[in-house]
Amino acid sequence: MKLELSRAQVNSEWKREVERRLGREVSACYQCGKCSAGCPVAYEMFHPIHAMMRLVQLGRKDEALRSRSQWVCVGCEACSERCPKDVDPARLMTVLREMAQEEGCVNADESDIYDFHQSFLSSLKMFGRVYEMGLVSHYKLKSPIKRGPQDMITGLQMMRRGKPGFLPHRVQNVAAIRRIYERTKLQKPADDRDSD
Amino acid sequence: MSRIGVFICHCGENIGSVVDCPRVAATLAEHPGVAFATDYKYMCSDPGQNLIKQAIDDHKLTGVVVSACSPRMHEPTFRNAVAEKGLNPFLCEMANIREHCSWVHTDNEAATIKAIELVRLMVEKVKSNEALEPIHVPITKRALVIGGGIAGIQAALDIANAGNEVVIVEREPSIGGHMLQLSETFPTLDCSQCILTPKMVDIARHPLITLHTWSEVEKVDGYIGNFEVTVRKKARSVDLDKCTGCGACMQKCPSRKILSEFNAGVTVPDPENPKKRLGYRTAIYTPCPQAVPNKPVIDREHCLKFTKGKCGVCAKVCPTNAIDYEQEDELITEKVGAVVVATGYQVWSVAEAAKDYPYIGYGEYGYGTHPDIINGLQFERLLSASGPTAGRVVRPSDGKVPQTVVFLSCVGSRDNEKGFTYCSKICCMYLSKHAMLYKHKVHEGQAYNFYMDLRAGGKTYDEFSRRTIEEDGCIYLRGRVSRIYPRGDHLVVQGADTLSNAQVEVEADLVVLATAIIAQPDAEALAQKLRVAYDKDHFFAEAHPKLRPVESQTAGIFFAGTCQGPKDIPETVAQASGAAAKVSALFSADELEREPMVAHVHRAPPPVYSHCFGCFFCERVCPYGAIEREELRDRKGNLIKTVAKVNEGLCAGCGLCAASCRANAITLRGFNDEQLFAVVNAIGEQ
Amino acid sequence: MSATQQEFEPRIVAFVCNWCTYAGADLAGTSRLKYASNVRVIRVPCSGRVDPLYIVKAFERGADAVLVSGCHPGDCHYAEGNYYARRRFTVLRDLLLFLGIEPQRVQFSWVSAAEGAKWADLINDLTEKVRAIGPFEGYKELIAAAAGPA
Amino acid sequence: MELGYYPGCALKAHATALEFGASTEASLAALGVELKEVPDWNCCGASAGHMTNSALTRALNVRNLALAEAAGMAEILSPCPLCAKELAIANLEVNEDPALLKAAEDACEMTYKGTSRPITLIEFLHNNRDMVAEHIKTKLPAIKVACYYGCLHTRPSLAMGFDNTEQPVTMDELCRLLGLETVEWSHKTECCGAGFTMSKPTVVARLTGRILSAAAAAGAEAVVVSCPMCHANLDMRQAEAAKDAAVDLHLPILYLSQVLGLALDLTPKTLSLGTHFVDTTEIVARLRGEPLPVATTEAAGADGAEQE
């Protein structure tokens, strides 16, 4: 890999925007890698967390936003908890996830994760609470061939145990929830994949 | 009518590029009382100084204002220059138009105007300056060295060998400090004790050196050349004159399970008898066989005689009746002319709680509770021939030889969140030494070293650490460790190698943490006693980071070694010799010249005698007890009144008295009311 | 009024101790920090040397604000000078009110030899603060009077 | 005593963690704690919200906090640490940053003064351990259990502000209080894969595999949890985990609220101990000091053999 750096890039507006949302200057990170060292899913990432931070330091918007890392992140907060410089890598992951959606460059290889999140949120939007049955079917129906058979047995066993429930629980004031959604929509370019 | 000369320095571009120096000179030339004003590229250069000297002759100057850099930089330079022309040096002042003007402002016009005003202020001050004569005070040619580590030892020997007396105060039972605990030393791998113990013996034998071990500095009074130090000699419970150091007492002492400070608290199973552990000390003890003095102390915290009131075995077995349970702390005073502070450092502990200094500790490393997670000093003891294993490297938990050892740099160092912001400086090198020595002792073993930056600046240092990598096959991994946890009888070290962008996991038998080098917990307290400054991490602050590295802000007090900041042995020794040289230079004169900026109480011929009416408020505020009482009598000897008088030897020139005198009878030379009012008055002029 | 406030450049007199604040200001210089040029520094050995009368005098001579800055508590080169200074100025406040000088025109602060940045910020903040308060008109006629041969 | 209650979606009857809900409500009732559900509460957004839209998550949680505040609840029991964390983070953020508060308030059409605070089951029980001690009916036998906190009980410490982040002890103390023996082990706070149960089962298998084998190696006969995610992953995914870690695992995963219930003499049925994937009949019998029944089970991967 070769990075051709330019003055414009290493001081880019985008980098400042990341820092604004992160509430920290990325130059504080000295790349000690303690975040990656403790990350439970680092083995799944091409760019471990410290590398993601590095990409931001260098102003590499594209590599950063298109990366899989922020989607593989489980959000266990171990990195931020142990960061010796308090640059909050976990928060960086959140920032990159939101930016990736706004810019419409969510990494397609992790569509399972992304779709599940979206199915979850649409179920939430519909009822104000999560209706697991609905959520699961919504998720599976997004790509039935691949996901249909997954967890068949587990699913059956769950039902035997009366979980998940068949009837949705709903918030009385679902309208309020819907309006929350409207007001907190990420502003995104036209070509972005829709959230539901 | 005063004839002041004004000299504006360009300092090359430094001032010239922002301040319009010719204009400043021109403006000041018009100022009342200024006989001559000019500007020049480098006033501090020879031609610059000659320019000033020439002007003094040509214009019969009665005062000089050099407007250039900070007086903290060049005031002495210019005062000497004018002195060479027979003008009293204290009639020369500096206006700081570099640090306080050209370097901090960008607007040339504003900066130039500010410069003009700053110079004007000083001109007005100099107008009312008075010729002053330096004060001469006697010097006690005897130095106090606080701390008997390598820094203190080196400083003491150098001073004594220059022919002056030295008093060493060491709080431990023996001198030697941390260096005595080390195995071999980087980068030459010579045995630490072999090179240190001869020096310790020299100390003991030196006719000019007095040694107080098991003692601490209680109080420091006086000033450069004339300090009076109170030393607390802690009750040793052993009569040093009677004791021959035969060691019978230590042989027989029943309390044998006390963690040894000398072994940094590390103990290992006894290969002969698995139930026993090696590395403890007894309640009556010397830190090690090479101790100086090689005479024990009784640790009253643990001694049964003092805790339970019974035992007394040591007294029974002592052939010379040297044991004295009744002994009490003793306060002695030493008069000295200079003090070298060489109190050293401590290694940080990752344990959870600590009163003395703020830190969180490393929960992810189990707060150092696992027996096989040790710190660098403890590993030194395992490597050292004088250690509990006589140099065999084994695990504290089960005494097995560790086949895999992991070393961690920067534990507490460079960690804003859990430790300290600074770099401890020596860890990179000693860890590389540790890995090398380990490999020399355990040939089939494998060492890993987690580091952030490999800092091997120093003569043959980099070659040394490369050897560890290239010849001894230590694997260096660039990254911090996130977590260490036990699995079976191994330790899983979960780290990262940022060079391969990978997470790495090493199953280790022993983990060595290079914990931060930190200031002594009581450094702050000592600093207060000595009236020296210290930084945010409680290391003592030198007078100037580059040009006065061994001096404190307080005249006559010098620093040596790690009490001033993390250093390795060569640096420490160099600084100690530097401090010793400063002391010897100080002692080379019989009298000491001090700036005459001291307080002075008004005196006048009868019938006034003095404006002072003897309220002695000054006496109350003076931090130095420099105010004395004088009885003023008429010719017949009748007492007129008792008034204040300043002991110029003790007065440090803070001016507290002057500012609080109700009768304006006491003033501070060099900063008297007339001068300061003149300056404030000049504020008005635009 | 606001227009004149725009142009108004406060004159600030700073009495600083030789050991901490003066050195701190030097550090600001050697670090090439930039700050407002409104301050005129007067060096004294210790903040404890500053006689309240100097401060009053400064206002009489046209200062809009006075800053007194010394070492941090406990770090005083002369052990306790800065404490005395501090106490003196708590008393001074009343006197200032009596003399018709707003107390906020006098600021006391601690800047150590290591705090170049703090010094720069201090001067900038103070300058802004005084700009907001406006010029000190109180003694204009006195100043006029003193304008003659002093 | 009365206590605000935010069950969250997972605990509501007929959802994955119905055991947690049922047992929590039952045992707290037995302790004389009256749970007052936050009126018309909504989902906290969980991983999905946290992972994709913090503004949305914040607004959703501020709504819940505001509802609780309006109902005069200073402390809201949120047994699910994921909900608790989302509530706590939102609380922290809006209390620190007025702008964020404003935005959230506008979004959810409510006003919030910042006076209510989520509290996990562990924290609540630990704060009231004397009360717990008083109510214990039968001390449980000293069976070795591993207390598994998961990532979210102690992280982010700034928001959760409870127990020791790296070496938590509170759940262990509670279990010992009930009579159980707790093992010292290494994976108390390692992540189990949380929200990836469905979307990335491979990761979940890998992580839970490590956790469970560590617990087994430490000699635990069961794992005690207090989180629906942890339970789902450790219990439901145990078979895959065992395969991934290439070890033979059969560790019953019990909720803290269930073991507590047993010590309060509640029946396994009330505590819905019958709906686990890894069979619990034997461990429950031992916990209740009853004669061991013949191992009967239909759960996948469960081959009755309890001890390894």
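Letters A, B, C and D mark the chains in the order given here, with residues in each chain numbered from 1 onward.
The criterion applied here is as follows: contacts are C-beta pairs under 8 Å (C-beta built on N, C-alpha and C of every residue); 3 or more make two chains touch, one makes a residue touch a chain.
Here the structure is a predicted model, which means the values were calculated and not measured.
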Review point. Ignoring subunit B, what connected groups of chains are left?
Key: A, D | C
Exercise for review: Looking across all chain pairs, point out the one with the most C-beta pairs in contact.
Suggested key: A-D
Point to revise | Interchain centroid distance [CA atoms averaged], subunit A/subunit B, Å | key: 52
Review point. Any idea how many Å lie between the Cα centroids of subunit B and subunit C?
Key: 33
Revision key, fill the gap. Rounded to the nearest Å, the gap separating the Cα centres of subunit C and subunit D is 60
Review point. Using the touch rule from the top of the page, what residues of subunit D touch 2 or more other chains?
Key: 165
Point to revise | subunit C, residues touching no fewer than two other chains | key: none
Study note, to complete from the structure: Within subunit B, the set of residues that touch 2 or more other chains is 364
Practice item. Let me know each pair of chains that touch one another. Key: A-B, A-D, B-C, B-D
Practice item. Report the residues of subunit B in contact with subunit D in the complex, numbered from low to high. Key: 362-364, 366-367, 485-488, 492
Review point. Where on subunit D does subunit A make contact in their complex?
Key: 9-10, 12-16, 18, 40-43, 45-56, 58-60, 63, 106-109, 151-152, 155-157, 165, 189-191, 193-196, 198-201, 203, 206-207, 236, 275, 277, 299-300
Revision key, fill the gap. Residue positions on subunit A within touch of subunit B in the complex are 30-39, 42-43, 47-48, 50-51, 78, 82-86
Point to revise | In the complex with subunit C, residue positions of subunit B that touch it | key: 70-72, 96, 98-101, 103-107, 110-111, 113-114, 117-118, 121, 528, 531, 533, 535, 541, 553-554, 597, 621, 623-624, 652-656, 658-660, 668, 671, 673, 676-677, 679-681, 683-684, 686
Study note, to complete from the structure: The answer for subunit C against subunit B in the complex is residues 11, 13, 19, 22-23, 25-26, 28-30, 32-35, 37, 40-46, 48-51, 54, 57-58, 61-63, 74-75, 77-81, 84, 88, 112-114, 120, 143, 146-147, 150
